[in-house]
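Given below, in the form of structure tokens, are the structures.
Each of the two complexes below includes chain A, the first together with chain B, the second together with chain C.
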Partner chain A sequence: MRAPARRPARWRPAGYLFLLPALSVLVLFFLAAMAVLLSFSFERFVGGRFLPGTTTGNFTTFLGGHYYWNVIATTVKLGAVTTLLCALIGYPTAYALNAIRRPLVRNLCYFALFAPLLTSVIVRSYGWSLLLGDHGFINQVLLSLHTVRTPVPMLYEFSGVVIALVHILLPFMVFPVVSVLGQLDPVLELASADLGASRLQTFLRVTLPLTVQGLVVGCELVFALSISAFATPSLLGGGRVQVLPALIYNEVGGLNWPLAAVESYALLVLALAVIGIFTLLLRGPVARSRGAT
Partner chain B sequence: MARQLTRRDFLIMTSAAALAACGGTGASRTVSSSSGGKLPKGPVTVTMFVFLGGDLGKMPKAFAQDYMSRHPNVKIEIYEDSNTVGYPKMLAAKQTTPNQPLVNFGFFNAQTTAQGILDGMWNRLDYNAMPNVKDVLPIFRRDDRYGIGIGSDQLGLVYNTRLISPAPTSWTDLWDPKYRGKVTFFDYYWYPVYIAAKMNGGGLQNMQPGWDFWKAHAKQIRTIVTSNPQYLDVLSNGTAPLTSYFNGTALQWKGGGAPLEYVPPREGAISVPVYLQSVQGNTSDQNEVVTDIINQMLSPKWNQQWAVTSVEVPANQKVQLPDTMRSLPAFQRSTVEKLQTVDWTVVARNNADWRQKWDQDIKANI
Partner chain C sequence: MTSSGHRVLGLVLGAVAVFMLAPIAIVVVNSFNSVPYGAWPPPGYSLRWYVNLSQQTDFADAAVRSLVVGAVATALALVAGTLASLALIRFRFPGKAAINGLLLAPMIVPRVAIGMAAFTLFVRVHVYGTLWTLMIAHTALILPFAVTIISGALLRVRPELEQAAQDLGASPARAFLTVALPQLRRALVAAAVLSFVVSFDEVDASIFMVSQADPTLPVAMYNYMQKYQDPTLAALSTILVAATLLLAVLLLRSFGVSGFAEMVERPRGQPVIPGEADV
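Let's look at the complex of A and B:
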């Protein structure tokens, strides 16, 4: 049967008024700030003071420096690894949460999952330092079980930062997936089973494609938050994990605001580019899932 | 131009302080007069920059309470932060609202003082309107009158007494192979680079030998810390039991029960004066009050409180130091004679470049 032709959308100006508060905040507090940063990025900062005139030297310093590209690479790597682990852990978690029928158990699980968001990032990071340190709980257990002879270096290493970020950002992966799973019509999975598909086939060919949209949103959120994380890499990276937000902070402290402005733009472009690529790569599955629903 | 601290000056300074301590002038019981009855009668609010952490806020806060009780029309608000974090905010405020500074006066280390001079941040003080200046050791007065010293700390070696024995004695211990992976520094800390530069043919004007040296020895560093609590933690729990840091902070940590000790290196510790500054953009009423406050903070009573809580050499020669303080290694004649002084203007001019080198040559290689 042929689908009914869609009516052309009507222009409803009143509907756009609802966007006004959000747009106002965006323009006032984000775009205006970015405009100020852009003007800063062309300022001259030499010998510890601002000099008259403009320069593109801050951009050439940043783009031409091997060190800065290494920092960008570390930032992207941190975002990618954290996002991948959050997806691998978060999707099954969301699936399990969705399957739990008893409200009390489900709410307890939700609480355990979202509890990290109820405490300050500083407190959480110090908590991880107690667990991951050379003399921390995890290494004490490993040493007492004779699993290792010397403490496993986790704190002040890349691995420690990733562990802490995954813990902090996991809810941002789970929540969108749970939301999409909750909207999934169970009849579709039953129909798949009736047609002879195994549970794995049903998951891979029905459930996953229909929920991939939630996964994409979760990945975008986690990636954006992890590449812009400052406190966790600063406190748990021990200077060894150099990422763009920490670099920006250092430049601000050193009063080199022009270079900090360039680095801020680099972080923004990085986030937009990677999220754009992410969305493009998953456009097919998302479009298919939309068509199926 | 400010005078640099020389060994001779410091020797004179501490001898004078010791003399005052032994002689018992009795001046510490007196409270200095105000700056000559010029204080405004209407309500005035001023914000004081106070160092964040340790006991460094005790004396300024106690002073503020006392001053406000004696001057009901004056309200002193406290802005507590590190100079590193707070100064960029002050500069931002100066650029956006030059007549409404973030703070009106306060405590600033020598490096921030020098940076502030480059940025036009400070008012020149009228020493003639400050009766207590006559008792301030000359080395703490500035020829340019951009602020006035209230005390001086020193930088040396700090180590965990449970894990390092015998005690380190030299700056070279920081790169001794036996401490490989056991050293920690604050994030952006150019002092050991300066020492390495000096020992390898360079100096403050030519730090490259120091950067090259530390780039090759970056593996000595276990971790870089970003806050004082984190610093105390890694030093105390043994993650990184050796560092270079302030005598005053280390002794406050020790006083809190941490197994830490301060050692002045045999080549000489680095002296780090603290200045009181009045900020540009104040109203005339605020400037009157700030001048009076700074003058009173330099009185023997308040300067002694500052010296004791911050464990610093006091600026006022009439200050009587307690015996427990005078017996500390940092206050011994042999230590004072070897103190190294730094041209802070050179530091301020090169700070941004050095910070980049710190990130690129050292942090990237630890």
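Let's look at the complex of A and C:
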């Protein structure tokens, strides 16, 4: 018998050779760029010109300004609201997807959920601008049904950005939940019912604890992606929903590159914090909830 | 489950399907609008925005740029990603965890931060605005997708067959190319499609790296939407949606739904989905 397939071969320098193409791209482009970005954050840069010397002034400007903290607050709020809505819509959707038995219906539902991922976010944001505007589809329907007297402002509002982001990120919530639901042994739910639990009890005490891991992974993805979102908030927020990624882009246009560099690192720290919190959640309470059942 | 339970689940799915498809459907309808504003319902229908689009050579140039960048970056990422996956799965060496982390880092760092970083780098070394820099940057952005998919598939390729080929006199390289690579075919196709789609639709990082005069297609569309609201964009979007639909149908026909799900699934059950981190 030969060695088991999974065991890596013994140490050989060839491993590094195989890594050379990928590592050169990552070191010469990615790491180099992140390093230059860091150095930019200490530059003195006034009116599009570099001045000699370094400064920590860009950091104090950013951390000391109410304006910037408001932007961070809007960014986190956008992430939190989007994640909550995606979880509330995504879990039942995943549950329903998992319950479908007819292949045709199942395929159509998968198609409706995942095909939009292949289209550009610009196309989807444009579509939402047509749906959400004062003269757009949704308001015209509401007006014609006399549900509202004046158009509901959604385009260029926080609500519009949230709706579009939920649309874009929902698949990232549904996918991890569907995949844990698929691994769930249906016998467990049947056993719970046989032992006299109601359907709600079975769901709350068996199904949910065993699949909460997928939900948390989904929340992690959606939160991290929504706070990093640029195109959708800037196209549908119309400058009125100021989030960190859009601020960075505006700073570049306004020739305040060092401040944009500081803000980029702030965004990175925010994203890492989100991932860190969710990772702790997955290792702690979530792991316990799976073990408890 | 009871039939009322089924009905509720059916309603949920129906509503979600409408929600997911509505923005795309309205773009298609609006592309045939006879007036330049997005009022509902359209007062009339025409093909004038398609005619207008055909006269906008800027979009055609941008589309060619995006296709070239996507093709080159995908090819580079597939080669570099396959070699890196081989190293990670088949070899043991010090620093593997750190290298694995570095390979996945471009998926974790927000795209806008990567774009801003690339901007500072390219400005500093005076290569800002060139197409090849964008190709390199996109290669880095899509490498994590390629590596996750290919290394996941490589884990399932048993080295015994290659060993047999070598015992019969094939060189290790020939054994890999003729025995292992055909087994990786599906993963390679999946990685290629995913990489190309991510590159072709990339906005958040690319917008920092391209000049206003030579944008990629999504950046050109972003700029157009900031300035104008007329349905020329709808006509262009409809063409892109049709192309996407064709791609989706081809994928479903060659992989099936389960294969489609499998190809975007990481070994640990976490998804890799096109457009990740690009919103």
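Everything that follows uses one rule, which is that the second predicted complex is superposed on the first by the 249 of 293 C-alpha atoms of A that agree within 3 Å, B and C clash if a C-alpha of one lies under 4 Å from a C-alpha of the other, contacts with A are read in each partner's own complex, and residues count from 1 in each chain.
FYI, a contact is a pair of C-beta atoms (placed from the backbone, for glycine too) under 8 Å apart; a residue touches a chain by one contact, two chains touch by 3 or more.
Because the structure is predicted, anything quoted here is derived from the model rather than measured.
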item	value
Partner chain in contact with A:Asn250 - chain B first, chain C second, else both or neither	first
Which superposed partner A:Gly48 touches (first chain B, second chain C, both, neither)	first
Touching partner for A:Ser129 - first (chain B), second (chain C), both, neither	both
First (chain B), second (chain C), both or neither touched by A:Leu281	neither
First (chain B), second (chain C), both or neither touched by A:Ala191	neither
First, second, both or neither for A:Leu26, with chain B first and chain C second	second
First (chain B), second (chain C), both or neither touched by A:Ser226	second
Partner chain in contact with A:Asn70 - chain B first, chain C second, else both or neither	first
Partner chain in contact with A:Pro176 - chain B first, chain C second, else both or neither	second
Superposition-derived comparison: chain B or chain C, residues of chain A touched	C
Set intersection of chain A contacts, chain C complex versus chain B complex	129, 133, 135, 235, 252, 257
Chain C contact footprint on chain A (complex, rising order)	2, 5-6, 8-16, 18-23, 25-26, 29-34, 36-37, 39-40, 89, 92-93, 95-97, 99-100, 106-131, 133, 135-137, 140-141, 164-165, 167-172, 175-176, 179-180, 183, 199, 214, 217, 221, 224-232, 235, 245, 248-249, 252, 257, 260-261, 264-265, 267-268, 271-272, 275
Complex contacts: residues of chain A adjacent to chain B	45, 47-49, 65, 67, 70, 129, 133-135, 155-156, 234-235, 238-240, 242, 247, 250-257
Parts of chain C lying in touch with chain A, wherever the complex brings them together	1, 5-6, 9-10, 12-13, 16-17, 19-27, 30, 37-41, 76, 79-81, 83-84, 86-87, 89-93, 99, 102-103, 105-106, 108-114, 116-121, 124, 136-137, 139-140, 143, 147, 155, 158-160, 163, 197, 200-201, 203-204, 207-208, 218, 221-222, 225-226, 229, 233-234, 237, 240-241, 244-245, 247-248, 252, 257, 260-261, 264-265, 269-271, 273-279
Residue ranges of chain B in contact with chain A within the complex	84-85, 87-88, 91, 115, 118-119, 187-188, 221-227, 230, 233, 237-239, 348-352, 355-356, 359-360, 363-364, 366
